[in-house]
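Listed after this line are the structures, all set down as structure tokens.
Heads up, the next two complexes both have chain A, just with different partners, chain B and then chain C.
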Partner chain A sequence: MMARGALFSALIALFLLNACAVAKSASGSRVLVLLDKLDDRADYSAFFSSLSERGFDVYFKEASDVSAKLVDFGERLYDHAILFSQKSSGVLSATKLVEFVKLEGNVLAAVGRNPPDNVRDFAYEFNVGVDETDTAVIDHFNFNSTEGAQSSHTTILANAFAPSAAVYSQSTLSGGAVLYDGVALKFGKNPLLLKLLVGSATTYTWGARESSDVTEQPYVSGSELILAGAAQTRSNARVTFVGSQKLFSDRHICNDTSLNQTTSRFKLHVLENIIVVDSKSGNAAFAADISKWTFQERGVLKISAVQHHKEDESFQRDSYRVKDHIVYQLDISEYRDGKWRPFVAPDVQVEAVMIDPYIRATLQPSSSAKPSSATATTYVTKFQLPDQYGVFTFKVDYRRPGYSWIFTKETLPVQQFRHNDYERFLVVASPYYAAALSTATASFLFMIAVMYSS
Partner chain B sequence: MASTRSNSSTSSQSALSASLSSHLLQALETYRSRTPARLKFVDAYLAFLVLTGVLQFVYVLLVGNYPFNSFLAGFGGAVGSFVLAASLRIQISGNNPEFKDVSPERAIAEFIFAQIVLHFFVINYLG
Partner chain C sequence: MARRRRLLPSIFICAVALVLLAVLDFSPGAVADGADSAPAQVDEQTAVLADGVGTEVVVDAVAGNPEPAVPDAIPNEPVEVVAKIVEEPPVEPVIESTPAPSTQDAEAPVEVRSEPAATKAAAKPKAPAPKSAPTPVPVPVKEPEEEIKILPHIPDLMVTEFAAQVVGDDKRGKVQRITPPATIKQLTADGSSTVKLRFSAADASLPDKPLLKVHQAFVVFRDAKGEHNEVVLAATQGDADGKYTLDVDFSNDKTRARFHHLSSTYTLTVLLGSFTSPRGYSWSPGSLQLNLPDADAATLRPKVLPGQPDPVDYAVKPEIRHVFRPPQKLPPSIVSLAATAAVLVVPWGFLLWAWSSLSISPRIPPASLVPHAAFLVTLGLFYVLLWAYWTVLNLGQLLGYLAVLTPVTALTGRLALSEVAARRTAKGKEKKKA
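What follows is the complex of A and B.
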């Protein structure tokens, strides 16, 4: 009896311990970090400890380690991967990284001036181009002056964040600029790509070693120059590319308690008038936000409780009739900061499709309808089915940048009126009834008269 | 000049209408005196059917063609009955040589059969 009690309390303790360790991610807590040498993790200690604080189980592996596997026998061994290694690894080829993403693993890949081939190829799978080796992003107008005014201006200050509430918190958007020292990225035509941080009008990319003038069109420049960008696959796996792994380093992440003040602060030069902006870099907030977004801690949407019924009924039918008045409703919740919350948007639409969309109705967040739980917003709309019978699909396909794609559909038949569905004995038709009956009666009397009059 | 012309045209019009009305009166008088009572009875029935049909047509113009099937049944019943009764009248009047061989009894029997079939369809199509 005692033993059973002890076992029980131990189980409870284990459960509580487990609950505490659960990450705030909607998809999982296992993170694999790939580094050139295990010792390198000290350079990024602030970033990695913030991940541990958020409840992730962080595993470190050297990129050349043969046991560094993301997928084994078709199963993901980790939920997320961070690629910080700067040497090409034959162990984790682009193909293997793609396989991991296909299994809905999330990847945060950061490169430097010497991008490894596997990450370069991996980026190219998403139509993200990485500039050549030994080039750097340069901005002679927004640079970190603590590096020295005569420097090559390769540590730039970037604050052109994508205005996405799904990715960035308000404090990041209004906070300090990001210290960026790395290579330029360029997006191809891929509708699944999302710009997270882009260059300013004066940002360009050029050879870092040469001090020579720019003699031809740079690979990419201005706001087309991507500093950080992401791809969200159709299965909602997120892959984020950052052109500067130094962005995550302790040296660039502001950490008031443990870091040297001179390196964690920056000065902003604007032309010859030196405006000294002595403030913290936004690297910590930026790194936190994009890792939260990449690892499915925010901007994750979920549809639940999809329901439809006729306006004067409350139960869902397997089929409807043409011109029926339908009430369609569903719940949408957003995962943010460890909790499912109600998600309110004015632009969620439902479609009734039979090859073409016959109906496209905007769903209104409803205050009167009771959501399935306090963690969701109920959206309701009413529409009348068209005077067209056939197999219709009711679908909601909501794709907004930064948020996970949500999709639900249901196929059901819409039938025509049966012969006994029509209304009978209409008041409006009473003259016809009277006429038909009087004609019939008159005919009957006439028949009798004609028969017996001869 | 103009007044003369208008005078002459009025007089010719009045002369025309006078002759027309006199002809109509004559036709009516002939109809009244020469037509057998039996055919007059058929004509009264035909007039009733025309009236029923016209009233329904006016109603459909005023109210719209919903429900269309009821309109078709009612209107078709009137038109159909008219056609059958007119055919009966032709056969039993005795003035049409091509129906000399058809006895009035046979014409009446065919008429009754056709009427029953017609109204069967009318009633079924009405609702």
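What follows is the complex of A and C.
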């Protein structure tokens, strides 16, 4: 009776768990949003409600709230953080934010015109520079002109998206321009940085007051002017910096724009002059894509099922021999729209390394030999082990901008030929074979002759 | 006498034209506030400008002078008036209300002359001034609490003069001066030259194109070969307001670093932008051929070009196929086969020849065939075992087989050889007897 009751309640619990809304992020659903005042969330209601629809548990706290903690006792309390506070640094210093990122937390930081010190220092940790206070991104060629009398050249239209399929969906790339009213970012020489949205050749940054003249080279201009950029750490935590907080506001997301003058693309050598009239800003699609990428809903890869064997065998050995023909295969999946899906790429490579790489082979996505499952693509390649014996490491280190870094390595000894691994019979030794055999035959005949001669 | 006859119809035509311009309002009424008091003030404006500009225009047209006598006849008056308006902070720039004055319009003198009147007229509310413009209107009394709405002038940006020169250590290039839309001959610069660019920004919407101070006066150097190199440099103010100067010194390491040490042909583009203008201005004066020293490029040029992912980390790396050691060199098989033949032929030949000189007459009595056959078979098995050990067996197996074969061979051998020995002793005894 008791056992049946326990079993029944366990089944109910299992059913309920499955029925709950599960976040589409690959790394958790708890989001902490830091605002100056809790009332500010009404200004961003479209953005926050889209997050809730995607299954996130969004917690709002004021930046100055003492209870706003991201890490407690060495563990993350939240999986993602959104920094929307503009006025004060609040409780979370740059050090605490970095600690959160080190524990693989993702951060979406909107910087704005007067960023607080903690966000500025946090950006500096990743070698992202923010222009001084009271500066603005200005573009006299691409700006929002629907605001009529309020049309200001500091609310610019940007559509120089990074051509990354990992970050942006096709509809965002070909959709409306993004309304941007904020500050310029500049990247340093950090290889982990990724440009997401940059300015066009006509964009620059200067003091927000229109009366100040441009008297020297601006802090940054052209395509080096970053409007939105990200850093992906080696543990695949993503930190995105967007220089305009108003980009996420309801006003800009729902705004109609009429794009005027020039539009320029991310390819720097072409400046296309197109007059386009759009009716809707691309802010909603851009905010959705950026937040999906930052919160590990897009562009997340994983490796599974690494396998290797000799070409004429099917079981995996723990050591191989020099000059063996090896088949190496693994599965890669991509997380998109809430599920792990097959990830097809033409440039995944495996290396056999002993201090230096001896072999680097491109893995082919397999479709015929072993059909890929519904969740992963199998990549296969064949190669011959070098005639150098030693301990080799087979590594797959796949790093592409926008996708998470995936890495697998396995150490295998490669042994020398055994005495019986060489060729058995050699043509060059045939005189010796002939001599031995003829000696044996002759001795047998001699014995017969001796025995039976009279 | 003749002059008066030509005057009257011309005056009438121009008056009608001005009336028409005043009536045909191209915009929705932009000034919502103070619509009642606005006509009076605007009339004041047009009256001032008309006094200054309108009448003179009529006179010139009447005189049949096609060339605009504006710069000579009116030394500075309209410029001053315009300059005052430009420097005031813009209040509600009305973009939709202006008919877009294009650069083509600026070049036609007749249309330009009527432009200021048209601008002012367009900014008026719908109530037109039906009275003819040339006659001055008495200044109405302003009500103290009403603000004087100064409608901002919307400039149309353009570059009026462009000068380029390349100055090197020992040589000075020619100064090329052009005005748009002309282009300069290609400039050539190397690692020790300075490219000097001078240009002036002006307002194309006004008749004499006064120099205009703009916020953005940049020159973009774009790599024509598409190597993703684009450098944007800001030009600073030169001698006067509206004149801009940019000196690019390629002997400076920082400048070269900005150009990423890339030698290529760069197209120049001048960008002008201002907060008061609804549209920026961009114009390409020509191109620059930059030849930086090769050593410079090889060592300092970054491996990563701007806009491209770092090939060390993020791109496909070249495939490496292992080059195996060549197999050990062996003598040609002909030699081995010849040696084999020699090994077989020579000793066997000798043996058979030697045996043929002997007389061998084997004699086996039929009774003792079985032990002899058995002995020979077991002896033969030894050789078979030798072959088997060479090809297939290992020592353990061999010893196993030998352990079985040896006593059997000993037995059969004893039988056979004892029979042979008995026969031989019997033969020997016979020989002794005989």
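Going forward, the second predicted complex is superposed on the first by the 374 of 454 C-alpha atoms of A that agree within 3 Å, B and C clash if a C-alpha of one lies under 4 Å from a C-alpha of the other, contacts with A are read in each partner's own complex, and residues count from 1 in each chain.
The rule is simple: a contact is a pair of C-beta atoms (placed from the backbone, for glycine too) under 8 Å apart; a residue touches a chain by one contact, two chains touch by 3 or more.
The structure displayed is predicted, hence computed values, not measured ones.
> Looking at A:417, would you say it contacts chain B, chain C, both, or neither? Reply first, second, both or neither.
neither
> Is A:347 in contact with chain B, with chain C, with both, or with neither (first, second, both, neither)?
second
> Per the contact definition in the header, classify A:214: touching chain B only (first), chain C only (second), both, or neither.
The second partner, chain C, only.
> Going by the contact rule set out at the top, does A:407 touch chain B (first), chain C (second), both, or neither?
neither
> Is A:440 contacted by the first partner chain B, the second partner chain C, both or neither?
both
> Answer with first, second, both or neither: which of chain B and chain C does A:124 touch in the superposed model?
After superposition on chain A, A:124 lies in contact with neither partner.
> Jot down the residues of chain A that show up as touching in both complexes, chain B in one and chain C in the other.
426, 428-429, 431, 433, 435, 438, 440, 442, 447, 449, 451, 453-454
> Within the complex, which stretch of chain A touches chain B?
The contact residues of chain A facing chain B are 424-426, 428-429, 431-433, 435-436, 438-440, 442-443, 446-447, 449-451, 453-454.
> Spell out the residues on chain C that touch chain A in their complex, using ranges where they run on.
Residues in contact with chain A: 89, 92-96, 213, 215-218, 220, 222-234, 236-237, 269, 271-275, 277-280, 282, 306-307, 309-310, 313-314, 316-322, 324-325, 330-331, 333, 336-337, 339-340, 342-344, 347-348, 351, 355, 358, 360-364, 376, 379-380, 383, 386-387, 416-417, 420, 427.
> If you look only at chain B, which of its residues touch chain A in the complex?
38, 41-42, 45, 48-49, 52, 55-56, 59, 63, 66-67, 70-71, 73-75, 77-78, 81, 85, 88, 104-105, 108, 111-112, 115, 119, 122-123, 126-127
> Help me check something: in the complex, which residues belonging to chain A touch chain C?
Touching chain C: residues 138-141, 145, 148-149, 151-153, 191, 201-202, 204, 206, 210-211, 213-218, 221-224, 260-262, 266-269, 271, 323, 347, 349, 351, 357-362, 383-384, 386-387, 399-401, 426-431, 433-435, 437-438, 440-442, 444, 447-449, 451-454 of chain A.
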